[in-house]
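Quick heads-up: structures coming right below.
Same chain, two partners: chain A is paired with chain B first, then with chain C.
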Partner chain A sequence: MNSPDWNSPAAAKRLARRHAAERRFKLIGLGAILLSLAFLALLLFIMMHSGLGGLSWGFLSGSDSTDPHVAGIWSATKGSILTMLVTLVLSFPMGVLAAIYLEEFAPRSRWIEWVEVSINNLAAVPSIIFGLLGLAVFLNTMDLPRSSPLVGGLTLALMTMPVIVISGRNAIKAVPPSIRDAALAVGASKVQAVFHHVLPLALPGIMTGTIIGMARALGETAPLLMIGMRAFIVTPPGGVTDPSSVLPMQIFLWSDEIDKAFVQNTSAAIIVLLAFLLAMNGLAIYLRNKFEVRW
Partner chain B sequence: MILTGVLLAVIGLGLVGWFAARARARLLYTGRGSMHSMPGYHGWHMALWILVPGLLTWAVWSGIMPGLVNGAVMADPAAAQLPAEEMHRAAILAEAQTLAANPDAVAFDAKSQALAEPMRAAQTRFGFMGAALILIAALAGGGYGFTRVRARFPARTHVERAVLALLLAASLMAILTTFGIVASLLFEAGLFFKDVSPIAFLTGTHWAPGNARGVDIDGNFGAVPLFWGTIYIGAIIAMLVAIPLGLMSAIYLTQYASSTVRKWIKPTLEILAGIPTVVYGYFAALTVAPIIRDFAGSLGMANPSTESALAAGLVMGVMIIPFVSSMADDALAAVPRAMSDGSLALGATRSETIKKVLLPAALPGIVAGVMLAISRAIGETMIVVMAAGASARLSANPFDSMTTVTYQIVQMLTGDQEFNSPKTLSAFALGLVLFVVTLILNIIALRVVKRFREAYE
Partner chain C sequence: MTETKLTARNVDVFYGPKKAIDNVSIDIDNGIVTAFIGPSGCGKSTFLRSLNRMNDTIAGARVTGEILLDGEDIYAPTMDPVALRARVGMVFQKPNPFPKSIYENIAYGPRIHGLAGNKADLDVIIEQSLTKAGLWDEVKDRLMDAGTALSGGQQQRLCIARAIAVSPEVILMDEPCSALDPIATAKIEELIDELKENYAIVIVTHSMQQAARVSQRTAFFHLGNLVEYGETSEIFTNPREEKTKDYITGRYG
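On to the complex of A and B.
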């Protein structure tokens, strides 16, 4: 067996080929990222291009109408705000309490395992299934008012709760055991140690998760279609039991209109919705950077 | 109306009780170690004794009061001429209720006008009755709680036990939700399968619920075209976009990009996942679909439709990219560094290391991530509602309009419909299939991920 000749032209050629393959591979990777980002840029550009002209005070403060030039989004925005309030009031306490229990108090038992499995699965169940649940339970069984922010908020709360539980558990897990031990060592009870010391330290993480969950709920349309929130609403809802629409639903309804002028309205409403989402995510990132403690 | 006021009153009482018990406990304090619990715990203990009985009575009464009121109204002489038919009677009673709350409301039925007055009287009577009961329960609880404010009384232990019960109840909500989903889907789908045989539903190839009448009902509920459309759009076209792009982005970001580039690109890419699906749907319908239609036309297809599987699948794929990318990211990060270092030390280039060492080692994690991505894609609703179309057909042509399970669920449950017709109930049967399939995908994927992590730890 003769040793390979590293300086032969054949070897040099092979090496060049391997390096070319390396460069090609790297370029493909870069290309994949650029393509994805280009798609994002295209989407944003088209929405801006066709929607910016439609943004005006009248548009922000008006209500839905069959005339595209007077139609506005205030009734849908107010519906969204009310729905989100219901969602937040229900899912935040429930999610945080459940996360505390599972992370700090739960005994190792078959029951608790079931709870964990069902939380992980609920986080991945398609949102439309939650809509079917809302339709069957809240509307047909409990007779709550159709297309109201109350039912929408209840449905979205069930959807958001697993997200809050999962992020809450991670935040609580990240608090070092020494904090608990120190509290217990000076005579605090387990409940005191958790509520006075662990929870305040975990709160920024929990808030970040909650905001992200709420942002997802704000953009959600499919489950709300199921519970009848696609009505043509001209007056802004006065309370959580009035029929109302929400921003994504308004976008969906307008996108179906034949009148060309609604294209501008739809895009403008999308810009408003994206601005809300961006603000929420920005707040989440700010909270994380400001309060996150690296142990 | 009265009940809402009572609810506020109970909460106010709780607050008063909290202050009162705390103040009394403070008076009992005579020095270090003289009391078992801090005054605040006595306050909470007292407040719980007011709120729990009060709120429980409130909930029970709110549940039974409408029945009592209707019973009283039916006993009124004015109700004697009400129609015997259940539905009609309920409608008139509901109208009378609106009138009782707001005398200016317009009544469609004259009978309800006559009933408004007895309705209001009954509501007031039972409202006050309930208010009295609720307040008695709250005050009795509060009285008992107040007698317990003693120096040696372990208020903290009691309050903490109540807190633990609350925590447990909150975590059981998750099981309750899962149970609610399964029960409601099974129940409604069960009603559907009384009319339509499950075998015809799962294996039939003709979907036309609009024509389903009488004997040939089975033949019009064949859901195979919907399953095919769902798989074709969500699991084939979308994945053909998302897997290469997501995987290559993850590889580039973890293996090649500098940390600054990574720090900026990754969150930007994540924006794609945060855009609401209704926006994607609108984008697909407004921009992507016409381009694809023109493209199909230039390929020589006759009458290409605006709605196409390709438009929906492409856009859905883009939406899934960040998801695949972050799953692949996790899977690649879990491979021990020694493996790639060993390969590099032997003289392999980076791309060779990635292709021959990293990817095979991370494969189980990547496959699990793809399964989760598929489960997400087939449950996606708005994009297909806005871009994929309504025609149920078994076709492999991506330019054809195709329909999916989620599209048909929306179709069956919105617009005019009578509940309990096989047409609307079919939505729940489709929902059940969707739930079971995504559940299986999720469970397998989570198992694989767990096993895969353990293998390298």
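On to the complex of A and C.
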């Protein structure tokens, strides 16, 4: 075999071409990032520009009104909080238990494979379909109170659960099998091995997935339209069975108003929603770092 | 004075349709170290894991034949694998301490089995286990440090201490030194030699020198069969089977 002649003009040309390709790729990659960042900056700028003036204590603590200067966001915020609580209380335990069962206990069988495929599909179902399901089951069949955080939370829990199952399974799968072996070998039962050793190690990952699923549910509007959470609510809900609105729905309703003054309200409400989402994502990162065990 | 602790009769182990162990019968005695040797994939680890039913955790694994612990069938429906594994402890190839403190690593077993009535009893178990595992002097001042922060050899001794803490009768070791350097290996081998007074010890090893150094009996496995079983000195100096001779002289494996 001949060793290549690195000093020949042909070799120098090839090298130059490869370096040029490398520079091109870096430029394109950088461009892609800058473009998406630019849109985020634009969005933030527009919202801040038209919305910041509307943020005041009165806006944050007030309720919806036909007068844009009196209208506030608190009733929708409280509705969102109550709805999220219902969603969390239902979907977290159910999702985590389902993930544990599928990952640790379920025998490998056709039936289980079918369940797994169904859960993955469920996570991809368009949210409006969940709204229809909520309408049919919770309102028409079970006769639960219309427009309430209870029904909203139930519907969003159906949507969030598959996300928690999927992230939970991945987190559980990431725990090294040697930890299970170690527990079983000293005579722990399967349930003890899972709950004493596997679950604590998987929890940061499960919590991250849960919060991301919850953040998605928080921004969801379509399914809640179907169950009547688009009503004009002037008093904050007292409990989970009172009629209520939620933040994204309030944005949707205000954006539809004819009165120009509602534009500022819409932007201000978007700022509140974004702050909410940022806080939840921040919490996810904090929890992951705090509870992550390195081994 | 030796007595038979574990008896296997006509044991087959299957992974799905594949037969990994074929008709193995063997007696394992108390108070000595029994080594399982053989080339990779010969089934020695599989057979070891069937002795405390760790194979139960592998989907599709199936054991037929009879394995008796003190005359009691460990695969009988009346045998609880959880209780069995407390009596037949196991140390793994890669040290696998829990990502918890040294103290918690050892306390876990006694706690779930209710072996200690109070904190003082538990402290005694922990000191005894660590002392027997030759680790007490090195860690007594930092019991609350992470077990995973110890060196590889110390971690493996911690795992041995964890196994000892539930007072097992048999200790199974699956290539316990393969991830360790020669000095740590020497310490573990020394420890195995001391521990054999009180336990029946079975060790799977890839190193024939190790088998020769630590064991009194050696079983040679090949392709799922038990080819030869006897006194370690006999196996290494005067093997009966041609295959054994080929393996220990390094002709294959």
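One rule holds in what follows: the second predicted complex is superposed on the first by the 262 of 295 C-alpha atoms of A that agree within 3 Å, B and C clash if a C-alpha of one lies under 4 Å from a C-alpha of the other, contacts with A are read in each partner's own complex, and residues count from 1 in each chain.
Just so we're on the same page, a contact is a pair of C-beta atoms (placed from the backbone, for glycine too) under 8 Å apart; a residue touches a chain by one contact, two chains touch by 3 or more.
In this text the structure is predicted, and so the values were computed from the model without any measurement.
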| item | value |
| --- | --- |
| Overlay on chain A: chain C relative to chain B, clash or fit | fit |
| Touched partner set for A:93, first chain B, second chain C, both or neither | first |
| Contact breadth on chain A, by residue count: chain C or chain B | B |
| Which of chain B and chain C A:151 touches, first, second, both or neither | neither |
| Which of chain B and chain C A:182 touches, first, second, both or neither | second |
| Touching partner for A:76 - first (chain B), second (chain C), both, neither | neither |
| Chain A-centred angle between chain C and chain B, computed on Cα centres after superposition, in steps of 10 ° | 100 |
| Minimum C-alpha separation between chain B and chain C after superposing on chain A, in Å | 6 |
| Chain C-contacting residues of chain A that also contact chain B | 189 |
| Residues of chain B touching chain A in the complex | 156, 160, 163-164, 166-168, 170-175, 177-178, 180-181, 184-185, 187-188, 244-249, 251-253, 255-256, 265, 267-269, 271-272, 274-283, 285-287, 318, 321, 349-352, 354-355, 372, 375-376, 378-382, 385-386, 406, 409-410, 413-414, 419, 427-428, 431, 434-435, 438-439, 442-443, 446 |
| Chain A - residues contacting chain B, complex | 18-19, 21-22, 24-26, 28-33, 35-37, 39-40, 42-43, 46-47, 93-95, 97-98, 100-102, 105-106, 112, 114-115, 118-122, 124-130, 132-133, 135-137, 140, 158, 161-162, 165, 189-191, 195, 215-216, 218-222, 225-226, 228, 230, 248, 251-252, 255, 263, 266, 270, 273-274, 277, 281, 285 |
| Residue numbers on chain C that touch chain A, as the complex places them | 52, 54, 57, 59-60, 82-86, 89-92, 94, 96-99, 108-109, 112-113, 148, 159, 162-163, 165-166 |
| Contact footprint of chain C on chain A as seen in their complex | 107-108, 176, 178-189, 192, 196-197, 201, 293-295 |
